[in-house]
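As structure tokens, the structure follows; a few thoughts come after it.
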Amino acid sequence: MRAPDHPVMTKGDVLLAVENVSLGFGGVKALTDVSFDIRKSEIRAIIGPNGAGKTSMLNCINGFYYPTDGRITFKGVRRPKMRPYEAARGGIARTFQNVALFKSMSTLDNIMAGRSIKMRSNFFWQLFRHGPAIKEEIEHRRFVEEIIDFLEIQHIRKTPVGRLPYGLQKRVELGRALAMEPELLLLDEPMAGMNLEEKEDMSRFIIEVNQQYGTTIALIEHDMGVVMDLSDRVVVLEYGRKIADGTPDEVKRDQRVIDAYLGVAH
Amino acid sequence: MTSAVQTHPQDHPQPAEIVLNVNNIEVVYDHVILVLKGVSLNVPKGGIVAVLGANGAGKTTTLKAISNLLRAERGEVTKGTIEFKGERVDRLSPNELVRRGCIQVLEGRHCFGHLTIEENLLTGAFTRRDGNAAIRRDLEAIYDYFPRLKQRRTSMAGYTSGGEQQMCAIGRAMMSNPSMILLDEPSMGLAPQIVEEIFEIVHKLNDTQGVSFLLAEQNTNMALKYATYGYILETGRVVMDGPAQMLRENEDVKEFYLGVSEGDRKSFRAVKSYKRRKRWLA
Amino acid sequence: MLYREAGQFKTNYVADSAIFPLREDRIGIGLIILAAYALAFLGNSFLLQAVMIPFLVFSLASIGLNILTGYTGLLSLGTGAFMGVGAYACYKLMTAFPGVNVIVWIFVSGFFSAGIGALFGLPSLRIKGFYLAVATLAAQFFLQWCFIRIPWLVNYNVSGALDAPLRTLFGVPIMGPNATPQVRYLVVLTIVILLTWLASNLVHGRIGRMWIAIRDMDLAAELMGIRPLQTKLLAFAVSSYYCGVAGALLVFLWYGGAEYDVFNINQSFFILFMVIIGGLGSLIGSFFGAALIFILPIVLGIVLPAVMSPFGITVGSDVIEHLRFMIVGALIIFFLIVEPHGLARLWQIGKQKLLAWPFPY
Amino acid sequence: QDSVYVPLFTYRTGPFAGSGTPIADGMHDYLRMLNERDGGIGGVKLVLEECETGYDTKKGVECYESVKGKNPVVVNPWSTGITLPLIPRASVDKIPILSMAYGLSASARGDIFPWVFNPPATYWDGLSMIVKYIGEKEGGLDKLKGKKIGFLHLDASFGKEPLPLLQELAKQYGFEVALYPVAAQDMQNQSSQWLSARRDRPDYMIMWGWGSMNGAAIKEAVRSGYPMDKFYSVWWPGEDDARSGGAGAKGFKMLNWHAVGANFPAIQDIQKHVVDKGLSKAPKDKVGELLYNRGVYNSLLIAEGIATAQKLTGKKAVTGEDVRRGMENIKLDPARLKELGLEGFTDQLVLSCADHNGHRAAFMQEWDGTKWVKISNPIEPMTEQVRGQLEAAAKDYSEKNAGWPKRTEACDKAS
Amino acid sequence: MDILYKVFIEPFVFMGEAPDLLIQTLWEGLVSGVLYALIALGFVLIFKASGVFNFAQGIMVVFSALTLVGLYEKGVPAFLALILAVLVMLVLAIVVERVVLRPLVNQPDIILFMATFGLTYFLIGFGELIFGGNPKEMITDALFLPQGTTELDMLGGMVRFQHLDIAAAVIASIMIALLAVFFSKTRVGRALRAVADSHKAALSVGISLNQIWVIVWFAAGIVALVAGIMWGARSGVSFSLQVIALKALPVLILGGFTSIPGAIIGGLIIGIGEKLGEFYWGPLVGGGVETWLAYVIALLFLLYRPQGLFGEKIIERI
């Protein structure tokens, strides 16, 4: 895999900053005055009890929701109100809490669909499936095959994803996001519903993506083992507010976090 | 098939009355995709039985076969029998089964998005005939179990967070006053605290009201902690079964499902990309 | 035994991403095309004129609608009107510029319906599902009204109808009273094969994936960088293009003259049903659907009296018609129950069984 | 055993079945009667076969294709929509088309459309007759000046065909025209048209409708209190349509060119040989009703075409080609009608090589609450104005259809 | 300028000049609106309960009315015929559930839509086979439906109110009110909405789809019968009545597929809107705009509210 297109930032710079973001739906306040940042090439975990606003936070980051208040800066530029596809083209990819794959397509096509934004050949060539169209198709196919190899899903390359077990679907979803060669990868509970072995596999992929390509990752996860092991820094939300932010160890020891979220067991 | 604990259910001394008996079923989807290749399992009255196994092993399929929801997905039990409380139920409609006290909590929530949380819970009581007061009482009980639901009782379920929906789905099943619940991945997407709570609730229901549970779960740790008996499914077959205690101590289970080898929990950061092999898949 | 995947290894991505990776499939398609051409010389004029030409025309329209409804998931009830736009555009063009070969105009007329289709597709950004149907219904009724009300469209013909003037290709009449069914069949067949090939290229490439992505999960698609409006409008345009060409073929190469009324709402439903029963999101399904919905009633009309007469039952044509309605209705339900994903899926399952044969799974 | 094959395109199903059924019965029963009573025509049996079109162009074309191979001697599409696609085919397949008082009006020109016949009058003829009648009632066409005439029509080519003529007449006689188009899907939902009529207050209303549009229009007219005696229609409503208006429909008027009722020897023969023997689908009391007799008239033309063809060629089993000649030589004068047992059934009709229509007169009849009553003498069409329309249309057609084949069929000297 | 005057000023001037005609127009719009709503209501019931867009509703209107009239013509007393017609609709509901819906549980909406199309075909054939294709007259007198007209002199003109229309409006309103209460306030009503949301989940909590479906199809059958009687009394009972059902589409969509009040409000907006449009603006383009105006009105509303006026909010969450 190649590195993302614009290597303007180096490790440690603030890639994305969330400042005083609030988000409300009618009467429900999903987020209240949340600020945190994500640095280049780190794995940033977002944790919190159910309904704390984690998914909503990701939705704000990639333009699906627009915060009612506050601002989000990406690569040093304040983000205007934009449609989600613009965020995607700006280099933000994500996976979803409830798998949102293109059900009827095969694994291969799903990941290829993730590369749509990188493909350029025009309608005319597409029509004849010739010249640039087929060349491009093959070139990207090669790239996608790399992802497939990387995620070890060769055997389900041609299976319609609707039929795959949940765990594999999550993996395909990751593949689809990777196909976009994102700068910032948002993962919403990538390991929910997986058994240990699969969690290990998934962790491996996440770490490898992060280390090899320097992709910045924001991760929501409820498995504390995973979160504590993988992430560089953790932000904790509760009822839409930030209650803690720091390294896993700091967070783990924070009394508010223990009360609100971890419980005694951890 | 070399596992030491590999036995057949029939070989067991049967400790209690069996409420659910699944006998050698085979399931085919779409007329061509064979998913279960002869699965047998028992749930004793008042027992908590866990079905474990990797993704795609067929846990969900097994549960759906029992609750007769397969037909709605163009799946079909082509062989074997299913008995609930001594009666064959594989030809019953799902609502008949609910009436008889066996209800399933579907994997992946499936709340009614356009109904409020409270209405969702009330639909769970659809088959009940014991009057409004009793239903109200149970509703309150569920709000006690899941205070978060009480806060969100008037929100449309479609807008609630993933975890809230999961609680709603479990609560909804409990509203039918069942004697047996088929729970598919209850812990998925829940915060650790809630997971614990849910298992506590399972335990409590089991303890106080004698509800039996068949539990498909990825969180092996939790499942084996609360279950009395376990089955391990791989690619549509039962590859191992035994009392939870025994499974917990089995080396393979420890390594592959619990993530402890030689007593320690491994760090996720340390996993290497070597491919291990499960012994029973040799 | 004849139908096997085994032994056919793909050594490069070109071969693997081919549309028909299996050799048997390629041979099969070749044979079918060959047979279709042979039919022009073997079939009688009833078969060509009353069965095959309309079957091909409707298949083409179904492909058009399938692109929109099947691939992109946008329900349209305006197919009839979009076909009409093609027919009227073709009429205007070929009468205004008789010097240019009519085949050119048939292809060009599709662009007019593409434009109109895209225009009525604009609300699709905001409106979804059955609600979108109202936008296309507005198109249906508004355009139909235009067809009646704008006499310019029919060159102020007193009859208000479209007629097919004589047009030739290489000196052979292909349109008008003197064009033989054979010739017209060959022209229609060639156009349909060509356009089917192009459609198949489209749906198997990037654009097709974008359409399906929008259909399966439009929010996720947008979050992957796929622009919803452009993609949907493209689907509307391409779909309407196909419908437009089909409309032109319908009037000029099949009927040879028609009123605005052939483009009414029933036509829209008729095509929609072909698409659904054939299989949403399947090109081959479009052909199956057209066959079932169009040819089945014809066959029944022939078969029913023949079946009943040996029993001494002779019934009027009206009773036959009633029975035909009932049987077609019942068969539609039957097929849906057997395979809700359409005949194309049945076909696929059949092929899978064949691959696995002699084992059941 | 010789026979000629006569397919009958009918519609006993679909939205237009109400009008289609009695016509189908009349058509079928008359020919069947000839078979039963006389053993056919000129000693050859008629092989009758109905093909159900449901008034749907698609099915109509399919019917045509399926009967084509059996050497039909004539085809009756009974729908303008079906007629249009058949016109170009007729000359190629050598099958005459009889579109009786409907279809393409320009096809009255035998020199351009040798294979198409649309007797006994075109819609232009019909319109001119109604206007003439109204003018007479007012005391002369010039009295129409300043009047307003409403035109309630099916919003389709059929309903719009008379429009140019109506506009021309309006210019000529100084009356005003108000249009009330009714879309096919709103046939039974005409309240806005009649509301508009209340606003415009037309002095007369002329209707050009078909199927359930007629009945619904009469009902709405009654509902909205439009004076019935000012409401005129072309020749398509039937008894059922008028009846649906209840008592209020009294006074409704329409054009017709043949008698209503069963008091003709030929129709009595139908009763005797067909209906009483249970060979007909028509209930006894419907025999002789307006649209039934319309069907009989249609079959009368078919039979005459065949008989004349037999006379001309001397053959018994005539072909489509022969019948085309036969039709061009039809001469239904009172003597011939009497011979056929239909004395006084209709005005005389003479067709020729050049004139495939006849442009015959029709009369006005009025609904008296239970039946039709003839209230006028035959009204001749305004030939001059109509001819103008026809010439223009035919010229238009041949100009626009550069490839339209020139007539090659020879004319019989008789005509 | 002239155009602007004609479009924006003249119609209103005319409204002011002839208020009697305006009132008559509004009344006609109201009546047809209520009748559209009645047809739309049948769609709503079934859609609400099963997520099925019932293409067959139009033919059910015709079929039920034909049954009533057909039985009466065979000599059955009117009220007995009415009861029998209701029973026939019950049988239809049961058969539809058994044969069509049960095997198609949990299938995509469009498939069920298609199945109802098969049903339409079947009912057309079946209805014509039994009752023949001829139009029939509704037995208005035998059912004691009022007839006649009240003419009121008002506002310098005369406004006519048909008694039948008044009855139609009243009956339809009562019917709609009853159904609205039944479906929003009862246990069955809640179950119905659940079923519409997800068949699978509804099955899993033990809601008997079969029972629910029979209930709603039966209810829709009764609504169809009432609609058939009312439309039939206005314009005769024939198979072409089926096409009027198409007008219910914009009503339905405007109101929001799932809402009973939506059906009535949508009906009124469409009914009145199209009559006003046709009457005051139609002449500018030669009339006949009614055929598409309804759809355009609905479309405009939808652009503002994509789920219709009263439709359930489209949940977009990821």
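Read from first to last, the chains carry the letters A, B, C, D and E; within each, the first residue is number 1.
The rule we apply is simple: contacts are C-beta pairs under 8 Å (C-beta built on N, C-alpha and C of every residue); 3 or more make two chains touch, one makes a residue touch a chain.
What you see is a predicted model; the values in this text were computed from it and never measured.
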Message: By that same contact rule, can you tell me which chains touch chain B and chain D alike?
response: C, E
Message: Applying the document's contact definition, name the chain pair with more C-beta pairs in contact, D-E or B-C.
response: D-E
- prompt: Which chain has its C-alpha centre farthest away from the C-alpha centre of chain C?
  reply: B
Query: Where the centres are mean C-alpha positions, what is the separation of chain C from chain D, in Å?
result: 36
Query: If you average the CA atoms of chain A and of chain C, how far apart do the two points sit, in angstrom?
result: 41
- prompt: Just curious, how far off is chain B from chain A if you go by their C-alpha centres, in Å?
  reply: 29
Message: Suppose each chain is reduced to the average of its Cα coordinates; what separation in Å results between chain C and chain E?
response: 32
Statement: Where chain C touches two or more other chains simultaneously, the residues are 145, 148, 219-220, 223, 265, 318, 321-322, 325
Multi-chain contact sites of chain E, meaning residues that touch two or more partners: 124, 128, 133, 246, 286, 288, 291, 318
Statement: Touching two or more other chains in chain D are residues 12-13, 155, 183-185
- request: Spell out the residues on chain B that touch chain A in their complex, using ranges where they run on.
  value: 29, 33, 52-57, 107-109, 148, 152, 155, 159-164, 166-167, 185, 188-196, 218, 220, 256-259, 265-269, 271-273
Statement: In the complex, the residues of chain B that touch chain C are 28, 30-34
Task: Provide the residue numbers of chain B that touch chain E in the complex, in ascending order.
output: 67, 69, 71-73, 93-95, 97-99, 103-106, 110-115, 119-120, 122-124, 126-127, 156, 158-159, 172-173, 176
- line: Per the touch rule, the chain D residues reaching chain E in their complex are 11-18, 20-21, 155, 179-193, 195-196, 198-199, 211-212, 215-216, 219-220, 223-225, 240, 243-244
- prompt: Which residues, counting only chain D, touch chain C once they are in their complex?
  reply: 10, 12-13, 49-52, 54, 57-58, 61-62, 65-66, 68-69, 80-81, 84-85, 87-89, 91-92, 104-106, 155-157, 160-161, 164, 183-185, 281, 389, 392-393, 396-397, 400-405
